[in-house]
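We call the chains A, B, C, D, E and F, going by the order they appear; numbering starts again at 1 in every chain.
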Amino acid sequence: MHIRVINPNTTQAMTDTIGTAATAVAAPGTRISATQPSSGPVSIESHFDEAVSVLGVIDEIRAGERDGVDAYVIACFGDPGLNAARELTRAPVIGIAEAAFHAATLISTRFSVVTTLPRTTIIAEHLLDSYGMASRCRRVRAADIPVLELEANPDLALERIIEECLKAKQEDGIGAIVLGCGGMADLTPQISAAVGLPIVEGVTAAVKLAEALVGLGLQTSKHGDLDFPPPKPFTGRFAEYSNLTPD
Amino acid sequence: MHIRVINPNTTQAMTDTIGTAATAVAAPGTRISATQPSSGPVSIESHFDEAVSVLGVIDEIRAGERDGVDAYVIACFGDPGLNAARELTRAPVIGIAEAAFHAATLISTRFSVVTTLPRTTIIAEHLLDSYGMASRCRRVRAADIPVLELEANPDLALERIIEECLKAKQEDGIGAIVLGCGGMADLTPQISAAVGLPIVEGVTAAVKLAEALVGLGLQTSKHGDLDFPPPKPFTGRFAEYSNLTPD
Amino acid sequence: MHIRVINPNTTQAMTDTIGTAATAVAAPGTRISATQPSSGPVSIESHFDEAVSVLGVIDEIRAGERDGVDAYVIACFGDPGLNAARELTRAPVIGIAEAAFHAATLISTRFSVVTTLPRTTIIAEHLLDSYGMASRCRRVRAADIPVLELEANPDLALERIIEECLKAKQEDGIGAIVLGCGGMADLTPQISAAVGLPIVEGVTAAVKLAEALVGLGLQTSKHGDLDFPPPKPFTGRFAEYSNLTPD
Amino acid sequence: MHIRVINPNTTQAMTDTIGTAATAVAAPGTRISATQPSSGPVSIESHFDEAVSVLGVIDEIRAGERDGVDAYVIACFGDPGLNAARELTRAPVIGIAEAAFHAATLISTRFSVVTTLPRTTIIAEHLLDSYGMASRCRRVRAADIPVLELEANPDLALERIIEECLKAKQEDGIGAIVLGCGGMADLTPQISAAVGLPIVEGVTAAVKLAEALVGLGLQTSKHGDLDFPPPKPFTGRFAEYSNLTPD
Amino acid sequence: MHIRVINPNTTQAMTDTIGTAATAVAAPGTRISATQPSSGPVSIESHFDEAVSVLGVIDEIRAGERDGVDAYVIACFGDPGLNAARELTRAPVIGIAEAAFHAATLISTRFSVVTTLPRTTIIAEHLLDSYGMASRCRRVRAADIPVLELEANPDLALERIIEECLKAKQEDGIGAIVLGCGGMADLTPQISAAVGLPIVEGVTAAVKLAEALVGLGLQTSKHGDLDFPPPKPFTGRFAEYSNLTPD
Amino acid sequence: MHIRVINPNTTQAMTDTIGTAATAVAAPGTRISATQPSSGPVSIESHFDEAVSVLGVIDEIRAGERDGVDAYVIACFGDPGLNAARELTRAPVIGIAEAAFHAATLISTRFSVVTTLPRTTIIAEHLLDSYGMASRCRRVRAADIPVLELEANPDLALERIIEECLKAKQEDGIGAIVLGCGGMADLTPQISAAVGLPIVEGVTAAVKLAEALVGLGLQTSKHGDLDFPPPKPFTGRFAEYSNLTPD
């Protein structure tokens, strides 16, 4: 089974972190390939960054189709372009936020989210609403660190995240914590050890859910609104998307 | 007051239709400029089309900022890139779906939506949920016509839309109907006359809401998650977005 | 265009304040007439005050119909009698709470409300629920000042409101604040300046939404539950309402 | 125990119907007094009728306070003026819609409502939402009969109501039916016999809930927003309400 | 009228407390019999305790059917086995949590719950959600006392409960408090006196609601999902439940 | 990895069906053991059946703990005793309804459920509400077949289920169908082939989700309300549960 883990931003170090974390949990028969777009933001910290990153996700899905990928993971906590990506393939596509929320509800009755910057908490809140999981989440918290600090100052970042997780444990009345950024994928063990709660991380959760769906023979429904997009002309720099047809 | 009406698709005929409809309702002091991206899909009929169109919306917002635009309307019923666009400007940005929903709730207790293709009804449903208006909408209906048929076969399209509107009037227990596509912007008078219900059309509604916000001196909040995006490098074909700073 | 701004309470000073604020934002072609009932409470600070004030609203709508008014604003934050008023006219009728909530959602993702007395916060909460905007509002706060203090001790009132707005800015994670009383209509500039957030005020917002609806040619739906009330006898002191028929 | 059943409309025949039904279920120690306002609509079939009827309800509560009433029932399915009435007394005040909804949820998992006119279904829907019971109600149906037809043509009215109840039984997947009008208070036995489902009627349900609350020594909370209204001047024809103080 | 109050745990002292409280509010014509299962947990403080207690509730319902009971009260705040119990009888069955929530909404607009252990707050939250009353409850609080402490150290328990109720009064913006454990049934007077808010206790509330339903002639619906269970074989230690048929 | 699949009813044939289906999707390293309680109902078709079955689930969890099981699946679509079971073990416990709902949302935007008897649809609806997935499910349908007919008349049962699935495909506007009974675990291939939609079956979905959680090292949270139950005496036939302590 070939799972393509797409880092929607263009920072190789984060793609490596994500790929390593994904590989660490993959089943024996699973091949993980972690990729990133050639074009896009170096990190995703705003609605704008996210919107641009969606094109990179689309390109990586199209590349994955050529490579015969069996399932995709979108490794940014905003799940950018999730439904668009699903339209472009029969393979399952899973976002790391949805994966983490699903997993957290299976091991606890209430959880909190700890993400990076305060301005991105709204993205997690919107996802919780649209996934119907708002009532399962007590609070979305921010450790107040820029995404790339996870690579630049890992120790300081880790310290701040643990600090916020401990606050969540003490104040929120929860049973688990969801890490709200793909760049935290390698920190789960240290955070778990320091916090003493189940820590749910989205990249790893999504890889296992992808394996699960492939194992079930379940593919993205091509009946209704996730069917392949109607082929049509695209103009200008997006002309390459004209008259797309499933391979 | 200068309102920029952005047609997120790249079909000039539709941009003209939208611009004409917008101008028809604009106040004396209001200048309408209807634009479309140089790059993108010729119509928006899928999550994928919508995702790509967001880049065009972003480019048009950036162009608008150079032109000193006072408010923006995103003239596609999926409100593509709404929050991303809001981050890029102090000017108000209004989506035609949200505008139509708001207006419909001011003149009726319940409404239905009539859109183009069945596969796009889910987009309207997602917006109704996220705007908190799901309980105000009885049903999202599709006239089952491709978007560009609105330009290619206007009479047939009009006939089908009226037919579906009449079904909504008879079956849904509603007081108003929302037209679910920017390309219907010129059809409101005929539909109203044929259906005998208030018909709410989003392009025109959004223009008037934009005038209202400008008249109130209300601008997009730059406190919190709609603040300008943190400047950063973008790579590859999106390098132009690197280190954006408000003019 | 003639917009009738109805102050549901019977305090002339507040009607003047409201009228002045409404006129200040009205478009060139718009005539504002601010009125108040001849009968009713001098301020609205309870469910009871509000219930009685509805009769005054009804009388002012009926007077407005004789005057050929094009749109109505109900200038009390509880939107008293909104649907009853809508039944009595083809003209659009807008409540200042709904107007402010709508406007706030167009410029921010989350807002808080600052109202007068703690006991009236429940009225705003009920409206947020029924308008589907509860999830957009972080918190309804009270400055703990009686409504008429806004006229009697404007400086002290302003100070307390600003104080509560600053708390909201610091604690609530919001992008905008909605002022929760028609009597605050003249305070927006000072509060904006002091708080540094977009301040949404309902009277002014409602006037602009009313202009928008009239400009769109949208009227209150007479199909279904907002149709004119079935004419019938009324007894006693309400005999005047017997067999009402639209002029 | 003295329970005052207030018919918010001014039709004596309906007051008699309601009083008879209330008395039929009252406990031995309970005294029922059924009253109606001296002023108001002869029936309540619109938001407007309801709004005017609230004043009558208020007057009847004030009269009840002078009579030392122990609990009140507001016997119109829109629960007009419920919270305003609660502010005016320490005694419990119960609306027949809320009473019927509560009772229906205690004997079934899902119910439907059968009311009089289509235009009043929205009132029941709004109450279901605000009481948090929308998910328990499958559908609000109208028998399409004017309220006073219940008195004028009881046989025809009964026939139509039974017809609609049978449709609900067959189509809605329910365990019980709520009758959506106080004027149906005497029809429960015939409807039950004809439909073969538990039929929940609000007037009788409210009387028993009122007995229950009095028996529990529970009174309307005077802590917070249901406290007595702040005394203040009322002008004009409502001057009588000035400076109200609890007796 | 014979009301069977079932204490789902097997602590006689608590059954006595509950029976005494139930008898104290029962109407003259009402006979209260308080029972407890012969098998089960001595207190209910976990999902597990609750799950086991359901069998005891079932056995007590079956015994009650033989005794010709007219209505049942399930006197544990988790309402264990409520729908299962309803299937086994035509008589009304009421849980003390649902009874308390219903009563609290009739005398206040917002309430808080004060229960025993922090780990049981989730049970109350789940019930509030499923009963549609989550928006009416500000907060579920725990006094942090094991259930049996209510019998073993009544004074200390009372002190802690009052302490938490006073916090709720000060912090939650509520009009009433619901006591979240059947074992608190005898403490209502002292708590009311100390807290100065209406205190709603579930055992007593349920008894009065049961009297109300019986007085209305309303029985558990046998149409649909609360009908008697389809008779079938049960194996092993539950063979006694084989082929149950209503007496 | 050892996954224990618990059939909460006591019909060996169904346990075999479930075990075979579970084994068919298990990963190479996974050992499946399918068990059933020695005591309980032969099928689960009512709230009562479900309530009794919970004890069997509890006993099977306790047995599993002695066997060193790594994860549990509760293979009845009502997810009986899910939270109670979670309290009794550190291992993940997954219900087949929740597993199927989760999986369905990963491959479609909307799904319908097809279950056995009409009276059990309410159980699925309650689960959809409590899992926050009600808005993702268009409709819960019943094929109107008793559970054991799945074993006794497999061909007829299959025919009826396919018939209902085709109705769902045509009428509900969905992308996938969830099978609403563990006894359907072996029918997925035939139903998929006949219906032409992704068919999500809970037993298989739960096995793969269990493998996923074990692979992630995620266990049921022992912090908060899913912690091991406080040890205490149980009386009578449940004395065996006294003073349980984690092995």
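Throughout what follows, a residue touches a chain if its C-beta (ideal position, glycine included) is under 8 Å from a C-beta of that chain, and two chains touch if they have at least 3 such contacts.
In this text, all values refer to a predicted model and were calculated from it rather than measured experimentally.
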Query: Chains shared as neighbours by chain A and chain D?
result: B, C, E, F
- line: Taking shared numbers over all numbers used, above half giving same and below half different, the chain B and chain C interface sides are same
Task: Would you identify the chain whose Cα-based centre sits farthest away from the centre of chain B?
output: E
Message: Just the number, please: Cα centre separation of chain B and chain F in whole Å.
response: 44
Field: Centre distance in Å when chain C and chain D are each reduced to the mean of their C-alpha atoms
entry: 29
- request: Check each residue of chain A and list the ones that touch at least two other chains.
  value: 83, 86, 109-110, 118, 121-122, 129, 134-135, 173, 224-226
Message: Which pairs of chains touch each other in this structure?
response: A-B, A-C, A-E, A-F, B-C, B-D, B-F, C-D, C-E, D-E, D-F, E-F
Task: Over in the complex, which chain B residues touch chain D? Could you list them?
output: 109-110, 135, 173
In the complex, chain D residues that touch chain E: 25, 27-29, 83, 86, 92, 94, 98, 102-103, 105-110, 131-136, 169, 173-176, 196-198, 200, 204-205, 208-209, 211-213, 215-216, 218-221, 223-226
Statement: Residue positions on chain E within touch of chain A in the complex are 118, 121-122, 129, 134
Field: Of all residues in chain F, those that touch chain E in their complex
entry: 10, 37-43, 45-52, 54-55, 58, 81, 83-84, 86-88, 118-123, 126, 129-130, 146, 224-227, 229-230, 232-239, 241
